[in-house]
């Protein structure tokens, strides 16, 4: 961590600070999305930015996700550094062609002669009562698409550092924020700094079980780890921070030590990115280090329901993480949470 | 044009819609409702005027701003209130909330949280009518913001080439969430886009229930007669913020005040008075009835049991 | 298998036969897609159908994937039985909103009051030199979406039987065909019959290793199994047939017997559906039955290149399957193919 | 209008484009090329006419039917041939093939296998020019079939509201793969759709190189002057099947013959003769030169080494 001055700011402010810093520094960086201007974005992330940078660099768009993500793809191909915001990550269904068939593949299809240095920022996740079309966690789709990078910071510090790295990156980076993280505060340096894309972080050390996670779930994992500690179980928590490229090495090292693995992810369990974490671990030498079947704590395989108690019922919670770890230790296989 | 009894009913429906949304707005302010909702206050004449032109068997598709469409179509405010409170007795048994209220069997094919999300669905309903040889029509509501989504373009083109019985009713309330239609498009009227599909485009004042009604009736008639779709635009305005988090920075108080002066409910009430269908003193009664009805709906809803948590795992597959 | 008369037909004909049978039987079934009429579809699957059923039931569409898949969604909600064809499965990026936010969720969002009995047929896969935008295998995305079913038949017999089941099904079913399977021939009964959705099939028995696979890869797995047999290794091959809901029970039973698992899938390895297969097996009791780390043979994590030898280099092949099984048996961990 | 030397060059380019595609068609027939390709034969005057109106610094986006655009833009047929044969010396080092030929540095932003796939990209290039204060323009090619994709609608609207320097050039060759434009839309001309975006819409005969050139020049001038985009439509025809598997069941021999009679290359050649720029006997020479150039390109390409297999794992990330 750089030694410069720092103060407590929110995750929202950290994201904004990264954008503002990058835009002051490089006239080719711009932000484009629905209501990012005077409204400040649906979650207030860009509040105040249009006042500083003007409507040509903080650009309100019509409701045309394919169009403006396509535009940003083209601008990036021309060497600009667009940041596109999707108001809710569920709307990414509208610009899949631009992201998957164009942005992700252009470099490869063109034999390396061209690249698309674009960042697509978007808030994912549930827990806000916004129901099935405004609560999804679809990041696993993009982990499955070569040519894209996928970042999902869990803290203000990482949000700022990873966003600056994403803007620098020569490739298209999907930057997943979380509605329930925006108000989270932490000390963050004033100065710009980079958190490297593709490096996980061990945020808590422990001997008994490895919990691999990312995003909001990282905090649930830490809560669970505290609760487990009270019961004599010490969990090691690995915050992936980047889902693609995935730093499975860090998880493997932890698993070699603990011999147990629980993945905590917010997306629906079946074919989520947690399955990739598990697969990478069991495919390698770490398979032989595991003395228990690994387990996933994830959302149930259902759309997100509106009612608050139904929503809680199907989402991962710290309690479910505790339960999963305990059944792993007590019985031989985890609960299917 | 509706008969006289009917016209007072239309006024009542507008009042019910407004009271419903004002109540929900209050509940949000008090933190008593979860999630978000989008209010129809100011636009009532559009849904209620257009839906009055439907016949038995016709269907509608709605939007994120759908309470008014649902009430106009005759959905039960008890079950709507229950849905907003997440109860098992709500239209979606607590799984959908404001943005997904639907009654498919009755012909209300659903609110939709995706801007433009029901435009393809509307074409499909029209397709079904056409291929079953039924002379029903589909009324598809959407906002002027949705008219910039690709699905608008594709849907209107499909409806046009296959002469589907769909009336595309654009509620041009001047704004998406914060972006004004003047910035978001380079046309005078959204209905100008009808040219691109070889279909008629009509713009009416949405504040005039009768204008909306008559234009919708005509377009629905064309649709039922196999003459194809129409792009109908009603110029209207939403009084409240886009949703609960809106600080209204993108428009002026004066603008809002100006539109409130042309209030569609007031106008229609005055008209009914002039027509001798409503006495001044009846107006207060209607307002009170409406308030009572809505209070009652939310009270009932509040006292209902929550759905069983395990029900969250049901209804994914048929 | 029903006892009626049968004859050898191609996979293409089997798909067509299912559609024709369903359409003769039920006036509410129709086929809609780009060039499905007089052209007969890009791969000739619907050739001759418009002549029998007319343009109102075998419907050429403009190039508007979101529009016509949305239309089919609405028609299905009204009780019709649409079959939408996407010319190449890569174009599914255009109708993700219709599939994921509408068709998959309508039933749940509406509290069970409504359903979308639609089939979306589309040819996936590589091996034809069609490069990055016409060769993808993106089915894992839909395995990750509750409310959708995903079917991927490997034989003419299953293609006919599964397509008839899909058309009957009250839910939206993605039906993945494969360009390289269309000409494959096999005995298929004249009569209509159903292959149940959600049931895997053990297509070859063996004691030494379980190979779980689907689609075209099933044939590569069988070829590999034959080659392995010559080397004294007997593979059991499980053809999943349906990817969602996934019949992991059949795989688990096989793994309990063989103690080894190799998944063969055509999609890119990272976050593919193979990861889900592996995860389901290692999360359960079968973890303790495994005496080797499981392995995946999949496409490399790159877009599909044009050049034939590059394409072969990054795709799974029977030889790579043989190698993966052998290194699993010889060494302790598989190759990362 | 181009100077005289230039005009003969244009004829040569058209010939080169035609010869290239006829050669590729033969190679497919002989099973010597992998994958698929879409031929530009019959449409040459469109790309060559329009691209002749570009200035240094302008860029183009292309389609699945992109060989003609690439040749018109000045790409090297040696490297194009090499790409079709999958060689490391091809434009995409063998990774792209026919549908992805590009030369980003030169300003050819790529063929595209996705119908409509480059329309957003074209807006982005326009955005970059505008925001860098450069007076360059973007020429965006697409087919009339692509005009029914949502991205067409969204892109044209964005370009219109932001006055991006993009010329949308629709090559209306009457068919998508098999669906005729008459069935796929309900408008007379694709350019009628310009109204929906408040931009000028112009239709010209694509068979007349000069008409295309002049209309493109005018639209490009508007774009460079900051006056915004234009929807330009060139009526044209593809002589060959959509791709190698096409049995031409959706159109008649007579129709094809009729269009072949108005061949754009022949017409332009006659015009040049009339203008005294070309002698009859020179024509044969030009044809032969063109054939020789293409034969040479494919011969060279054939003799190049395949890319290294491991190169398949490179170029995914920068």
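In this document, chain identifiers A, B, C and D correspond to the written order of the chains, with residue numbering beginning at 1 in each.
In this text, contacts are C-beta pairs under 8 Å (C-beta built on N, C-alpha and C of every residue); 3 or more make two chains touch, one makes a residue touch a chain.
Note that the structure is predicted; figures quoted are calculated from it, not measured.
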TODO: Would you pick out the chains that touch chain A and also touch chain D?
DONE: B, C
Task: Selected pair, out of C-D, A-B or B-C, that shares over half of its residue contact pairs with A-D - done: B-C
Open item on the list: Based only on mean CA positions, could you tell me how far chain A sits from chain B in angstrom?
Closed with: 36
Task: Distance between the centres, which are taken as Cα means, of chain C and chain B, whole angstrom - done: 41
Task: Separation of chain B from chain D, taking each centre as the mean of its C-alpha atoms, in whole Å - done: 45
Open item on the list: Give the residues of chain C touching no fewer than two other chains, as numbers and ranges.
Closed with: 61-62, 64, 66-67, 90-91, 94, 97, 101, 108-109, 131-133, 146-147, 301-303, 305
Task: Where chain B touches two or more other chains at once, by residue number - done: 92, 94-96, 100, 112-114, 117, 148-151, 154, 157, 161, 183-185, 316
Open item on the list: Testing understanding: with touching defined as stated, what is the shape of the graph linking the protein chains, line, ring, star, complete or other?
Closed with: complete
Open item on the list: Help me check something: in the complex, which residues belonging to chain A touch chain C?
Closed with: 90-91, 93-94, 96-97, 100-101, 104-105, 108-109, 131-133, 138, 140-141, 143-147, 244, 246, 267-268, 270-276, 278-279, 282-285, 287-288, 290, 292-296, 301-303, 305, 332-334, 336
Task: Residues of chain B defined as touching chain C within the complex - done: 59, 61, 90-96, 100, 102-105, 109-110, 112-114, 117, 119-128, 131, 150-151, 154-155, 157-158, 161, 314-318
Task: chain D - residues contacting chain C, complex - done: 34-36, 83, 86-87, 92, 94-97, 99-100, 112-117, 145-146, 148-150, 176-179, 183-185, 245-247, 249-250, 306-307, 309-313, 316
TODO: Enumerate the contact residues on chain B facing chain D in the complex.
DONE: 148-154, 157, 160-161, 183-187, 192-193, 195-199
Open item on the list: So in the complex, the part of chain C that touches chain B is made up of which residues?
Closed with: 30, 56, 61-62, 64, 66-80, 82, 97-98, 101-102, 106-115, 117, 146-147, 149, 170-171
